[in-house]
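Letters A, B, C and D mark the chains as written, and numbering starts fresh at 1 in each.
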Amino acid sequence: MCRWMAWLGQPIPIEELLFKSPHGIVDQSLHARMGAEPTNGDGFGLGWYGSGAGPALYHSVAPAWADPNLRELASHIESPLFMVHVRAAIGSPVQQTNCHPFRDGDWLFVHNGYIADFHLLRRELMLAIDPDRFADVSGSTDTEVVFHVALTLGLKEDPIGAMERTIGLIEATASRLGIANPVQGSFGISDGDSLWAVRYASDGKPRSLFASADPESIRRLHPENERFRRLTADDRVIVSEPFSDLPGVWHEIPPSTAVTVRRGGVLESQPFEPATTSVGA
Amino acid sequence: MCRWMAWLGQPIPIEELLFKSPHGIVDQSLHARMGAEPTNGDGFGLGWYGSGAGPALYHSVAPAWADPNLRELASHIESPLFMVHVRAAIGSPVQQTNCHPFRDGDWLFVHNGYIADFHLLRRELMLAIDPDRFADVSGSTDTEVVFHVALTLGLKEDPIGAMERTIGLIEATASRLGIANPVQGSFGISDGDSLWAVRYASDGKPRSLFASADPESIRRLHPENERFRRLTADDRVIVSEPFSDLPGVWHEIPPSTAVTVRRGGVLESQPFEPATTSVGA
Amino acid sequence: MCRWMAWLGQPIPIEELLFKSPHGIVDQSLHARMGAEPTNGDGFGLGWYGSGAGPALYHSVAPAWADPNLRELASHIESPLFMVHVRAAIGSPVQQTNCHPFRDGDWLFVHNGYIADFHLLRRELMLAIDPDRFADVSGSTDTEVVFHVALTLGLKEDPIGAMERTIGLIEATASRLGIANPVQGSFGISDGDSLWAVRYASDGKPRSLFASADPESIRRLHPENERFRRLTADDRVIVSEPFSDLPGVWHEIPPSTAVTVRRGGVLESQPFEPATTSVGA
Amino acid sequence: MCRWMAWLGQPIPIEELLFKSPHGIVDQSLHARMGAEPTNGDGFGLGWYGSGAGPALYHSVAPAWADPNLRELASHIESPLFMVHVRAAIGSPVQQTNCHPFRDGDWLFVHNGYIADFHLLRRELMLAIDPDRFADVSGSTDTEVVFHVALTLGLKEDPIGAMERTIGLIEATASRLGIANPVQGSFGISDGDSLWAVRYASDGKPRSLFASADPESIRRLHPENERFRRLTADDRVIVSEPFSDLPGVWHEIPPSTAVTVRRGGVLESQPFEPATTSVGA
């Protein structure tokens, strides 16, 4: 299990959501409430867009709650679009190359969940990766392989469609090998401009995923809240689990659903259906 | 908060108690039941006596549950006397020099608990350390300072007496500075031959501490248990919290009590009373 | 031995000086030419002023040449004033709390060199630290103690004067304990606005230190150089050893000299003379 | 570039060869003399046979010269057969899963050198791995892939023959892809009983490799040397570069040669010739 969050909106100091929000993602690294496990201490990653070309990555093998560099970066970097992922390793090594977000050019990718029996599927799925990309897989997680399969199947042209083809391919491969319910999780994707999130599990019961309500509604519901008063119409957060229990602030994204967040606070929702594909070994 | 354990008995592969016991200390690093916090993921340490001169130390900043080297060492090293400590940092940095056990010559020292308002007490307590030892303090924990004060006050000649003088000194210093209830915790000490443990808190409510019952009683209570059949009369374990819930296997060490474990399975208990001392700045 | 550099000038991507300059500080971590040792692989630190309150720190125990996060930060952060330090540990532990720059509020501090027989001097020097600051010393380096003594002796009001008093105090203390030539090194200091550097050794032969010439002279000497054409009158670099061998680009700062760099490219030089002081235990 | 060493002989404290020999492997991590680079600071590994089932591994991302745990293990573990590898990463990440020795069951494997253009060859070579082993590749080095290809081609039945087939396969694959001189290096292999070493490069100029002379000759040449007096007829060391410059102590293993060391100090040498093989994609 893992937890992740993504912000798209006005440029804010990253610490606002990491350390200054009640039950923010760093707190979730130690005390997650909705996940399979409360502890996500097997490294973490921060990816952000801002100064310099493309997104920047900070990957650490320390638990997020205990990494002094994370506090430094979070309080000295502002960004209009960033993603944070805290990891529970379930078996694979704790190393920077296994930390999310994964990156390719301008694109970032995070995942909460797993590919079942990945050791049985790994070879087949790696063969579905464009041979020119094969050597780019530098860690040993299921997620990085999923990312490269998705890139092979057109992630940069059609993010949600490519994810439907990727998960379709995984399910077809798993089926061939007799593995039930291979896909579990939520996925977050960005190109620096928009944000996409997918909530899906082969067994119909995916990990939790939430989007913040539109800021106007949030402010109307909680007029006394200082923090909410600073929100603009542009601001949206996607999270594995809500930062707070305030009613009306978070909307659950339903299972088998993909959402697209665009600048200006636009949030669009659509059904997510794995597609059959002819690509493969 | 932290958790620790110590074994004195027949030489056993360290993994027996770390990985092969239900709810062993590595499991407690992730899921402690009796501590102030369930997670003890801020590094850990293993100290063992065996081949080579004096005790060996392995200190790691990784959580114990996620360090592959610990599994390697635990399954390839046998020892008749070892101590393991998993740490929850409460503010001080996660670094190897802050990992327990601390060592001086043949002696090892672990602590679960804290010195209250240590930042206010640190200077005074470091001044109570023998000036020749002052530069040996290489980390920033309260425990390392307590250890060096205890060494100054005769730990190697009279472990329990020195701990009584040390804690008496801390309480007197704290009192002078207006700090209430300065000492909390349990302490484990060894010279490679015997084992001493202290359970004490200034407020009378110290962290939990348990000793294994004598092996004969354990076997009588649980005649069907394979693992217990291998216990000999020499074997004793001291733990912050029991590995299992089996009745009769663990005896709580009462508050304000010190125990001495000697080879041959001898366990002696005595009241622990902080002593006033004239040593100091 | 260590190597450090400091930039004060127009805001630039940090990578310009770390990775895109020939023989920059990261190259010096692996191949220093002028130091006592070619390798400075025992961790490093980056301190920069920019977004957010006060300077930010990134401390790493990895060698600078091998830390992927450093490349990420360097290519995605711009700063008008930053300092980088690569460390050769000479005995003290490789841990983040021993990485330079050290920080207090708005102030940063780096050091290349050593305090001789520091284990003998540590207690005396720590007693010279303002008791309210004593608990702020969180690592085990000589440099951090020097920094806190200097803060105690007025660093923030009069940086060079405080350094003269600090080094005077160290020399007086060493003399009392029979330690010859206790101070060796160069020091870099900043408050986010100006930059101070000191080159001094008790034996008169301090570690190397250089300042970049004024940009106009540099451009006149090397009119064909693209990189130099981008320099403005504001830009100055202080380095342990030059990035390149180009003549006229670097001026050696003489032994027993302090320099002050102010915005606008102003570089002032003055003799540095340790002062006797009445502060102490 | 990297450096490695292997000991087969009487059980000795590992520190004898790591820290107590002049220019031992830890010194070579900082000051190699014969390699492409003097610094091998990108992690290291120790594999040893002794107590417990199969070989134990200690992998660390710290430079060998700076890891306090290595000193602890080396001075508290005795072994009749151990291998140490210090790494210079040349591009691939510094992480424990990239540290040598690699292990499969009772077998250990180390390598000094590289597979040229590995990013172009990686996919083809991974397809040559037994599909059941594919998911066991957990790091991103060329060496780990070579090891798993060799296991696929019979390493455990015929170590040198399997290496000849493996390198033959790599050269054939490289040739198909237009890559010249793909293999460079020396390889060390053990099953806990014997030791095999291969020195080979496609261009005929492999990395250096040496075997210690038979102990009797060493003692006769250097009768005054205390250390050598303790050698028995059983003792042999294989090293990337000699620990000392003493004449007659080290014999260079010629290029295109494989050696076998068996208990009793037996050292056998044979030509090493890459073999064509029909296995592969």
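Before moving on, here are some points about what is shown:
The rule we apply is simple: a residue touches a chain if its C-beta (ideal position, glycine included) is under 8 Å from a C-beta of that chain, and two chains touch if they have at least 3 such contacts.
These numbers come from a predicted model, not from an experiment.
With B-D and A-D as the two chain pairs, more C-beta contacts join B-D.
Look at where the CA atoms of chain A average out and do the same for chain D: the two points lie 41 Å apart. Shared contact sites, meaning residues of chain B that touch two or more other chains, fall at 68, 93, 96.
Because contacts link each chain to all the remaining chains, their graph is best described as complete.
Within the complex, the chain A residues that touch chain B are 30, 38-39, 41-42, 61-63, 66, 68, 89, 93-94.
Interface residues of chain A facing chain C in the complex, by the touch rule stated above, are 13, 48, 50-53, 56-60, 68-69, 72-73, 75-78, 96. Touching chain C in their complex are the following residues of chain B: 92-93, 95-97, 118-120, 122-123, 126-127, 131, 134-135, 137-140.
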